[in-house]
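Here chain A shows up in two complexes: once beside chain B, once beside chain C.
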Partner chain A sequence: MKKIISLILLFIICLGIVFCLQDIPFGAAKTKVGHYYIDNGREETGATNIVTSVVLNYRGFDTLGEVTILFLAAIGLGAVLATLKKKGKRQIEPASLILKTGCRFLFPLILLFGAYIFIHGHLTPGGGFQGGAIIASAFLLVYLGCRERKINEVANKITESIAGLVFIVMGLIGLTVGGHYFLSNFMPKGEINTLFSSGIIPIIYIAIGFKVGSELTGIIDNLMEKS
Partner chain B sequence: MKEKAHVKNSDLKNFIYLFFILFVIWLVLTTSFHWQEIIVGIFISFILALYLHKNYLELGLPKITVKKIIYFIMYIIVLFIEVVKANFDVAYRVLHPKLPIKPGIVIIKTKLKQDIAKTILANSITLTPGTFTLDIEEDELLIHWIYVRSEEEIEATKIIGEKFEKYLRVVFA
Partner chain C sequence: MIIIISLLVIIMLTAAVSAIFFKDLLNAVIAACMVSLIASVLFYLLQAPDVAMAEASIGAALVAAIFIIAISKTKRHEE
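The block that comes next holds the complex of A and B.
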């Protein structure tokens, strides 16, 4: 009996969904703006990666907001964890040889890979956020593998602040010099599909890479040290 | 002790080694010899190597020679073949209705001295399905085995470790 009722209910729900979705044309674009980006993004911004051209050029202001949200999350976490009492000195149990060696060997290589991702943000998939996350993962590996080491918190904060400042200053320069909106591309766009192209986009992405990397590292540091 | 003192004296060697590794990886990642890529690659490799080169060679990284590169490539091929073979073996054990497993932990010995060599050996053993490195203690590797063929240390070393180790011994000679 139960099964029959649930089958009937499932049928009703299916019917409802089918009727609801019938009116929406499948596969057709609902807005025109998407096609505009695809057709003109390359020429207008000089970035081969269309996602990047949207994230940093057409919607650059939103990206500033996203970075700020991450910043606030890091600060909030720090504030919450700061109220916790410290349970004496953290017990440091040395990591196994495999983890320790792997950490020491891979740390520079992961940093290089993160840098590669955010420097090539306008050419290949990826960008500042992804590169920053990769860099933070390298620091997480240090916390797991070489447990006696600590990151320099002051340097971390300074890096984060400078990166944020670079972002905003570039945007303001764009506002005053280049055009009539925040983050307008005032630098020469260069030859498409080369590393030094698409004006301010690589610079902004490098700044975002540093900012996200240092923010996430700060979060990891907070979680590891204070809890 | 002697080796450590020797390493400490060669900061420049550390730096050049790390710089070289980083730059090669950069070239592999970009797969382009455009002058802009090369300039940025040199710049980043230089900065990273400048800050992180300290004691890098202490891990026991080998000198790079043609022979060692060839042996390392052979090692990678052997590792690949072993991984495929072990996959079939484990799949057979899982799918067999009688489940012919005999799990257990064995100790194997390694003659490799350097930390990085031991790590590579341990990771290749972990990468092949069926065997799993739990820990390294001096020259002994603690290994969990899905079907313990031999509890003897020498015999187990021969079955699990030797096929990788004979190449790694040349690379890290």
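The block that comes next holds the complex of A and C.
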């Protein structure tokens, strides 16, 4: 009986979605704002990657919200795991030589790749979130391969806080100096398609890269060590 | 092109359904990762490299690692 009722409910929901969506033509642009970004984004923001110009310039405030959500999730996980009792000292099994050596060689390369991704966020595909996730995966490799090494938790938290502060301070400077709104691009645009261009976008993306990387590393550290 | 995309979508759907029905949670996590990995390939083929990068690094690597750590701290088999 319960299953039949849920099936009927599901059918009604499906019907509703179909009725809502059947009037919208598939793949057609309903709003003009997307075309505006594609046509004028390069000149207005100085960023070659249009996605970055939308994420950090036109919709920079939303990105601040995203970073805050990730921060809250990391804090929540830490708070939940802090209430657990430690089951004594856990013995660490040493990894094999191949895993250890591979980890030692791959770790700096992955770190470099992540840094490249978020420093060149305004020129090539990628950005702070992607680069930060790649950096966190490099630290995950260390946790898997070289278990006797530990990251410095205090340095991790300090990096995260400074990166978050840089983001907010850049936004507040834009509020007072530049276009008089939060996160306005007050620095010179520079020459398009070079590394030092598009004003505050690279600075904020580097801050986001550090923040996301240290947050995800903190999540992995909490899960591996504190439970 | 359309053949490759539809093949990938079929594999993705199979992986998604099998992730629900696996009793061994480790297999389910790997199937869920496969969904993310193929999704990232599809994003790349549909010319969204930014999203593809995020999906590959977060969906396929970090989420899998977090789930596997969670499984190793709890139980592996579903009752």
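Definition applied: the second predicted complex is superposed on the first by the 205 of 227 C-alpha atoms of A that agree within 3 Å, B and C clash if a C-alpha of one lies under 4 Å from a C-alpha of the other, contacts with A are read in each partner's own complex, and residues count from 1 in each chain.
Everything that follows uses one rule, which is that contacts are C-beta pairs under 8 Å (C-beta built on N, C-alpha and C of every residue); 3 or more make two chains touch, one makes a residue touch a chain.
None of the values given here were measured: they were computed from a predicted structure.
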Overlay on chain A: chain C relative to chain B, clash or fit: fit
Contacts of A:Met224 with chain B and chain C, given as first, second, both or neither: second
Touching partner for A:Ile119 - first (chain B), second (chain C), both, neither: first
Which of chain B and chain C A:Ala74 touches, first, second, both or neither: neither
Contacts of A:Met187 with chain B and chain C, given as first, second, both or neither: neither
Contacts of A:Ile201 with chain B and chain C, given as first, second, both or neither: neither
Partner chain(s) touched by A:Leu216 [first = chain B, second = chain C, both, neither]: second
Distance of closest approach, chain C and chain B, by C-alpha atoms in Å: 15
Contacting residues of chain A [partner chain C, same complex]: 49, 51-52, 117, 125-127, 129-130, 133-134, 136-137, 140, 216, 219-220, 223-224, 227
Residues on chain B engaged by chain A in the complex (per definition of touch): 18, 21-22, 25-26, 29-30, 34, 36-37, 40, 44-45, 48-49, 52, 56, 59, 61, 115-116, 118-119, 122-123, 133, 135-136
In the complex with chain B, residue positions of chain A that touch it: 96-98, 100-102, 104-105, 107-109, 111-113, 115-116, 119-120, 194-196
Chain A-touching residues of chain C, taken from the complex the two chains share: 49-50, 52-54, 57-58, 61-62, 65-66, 69-70, 73
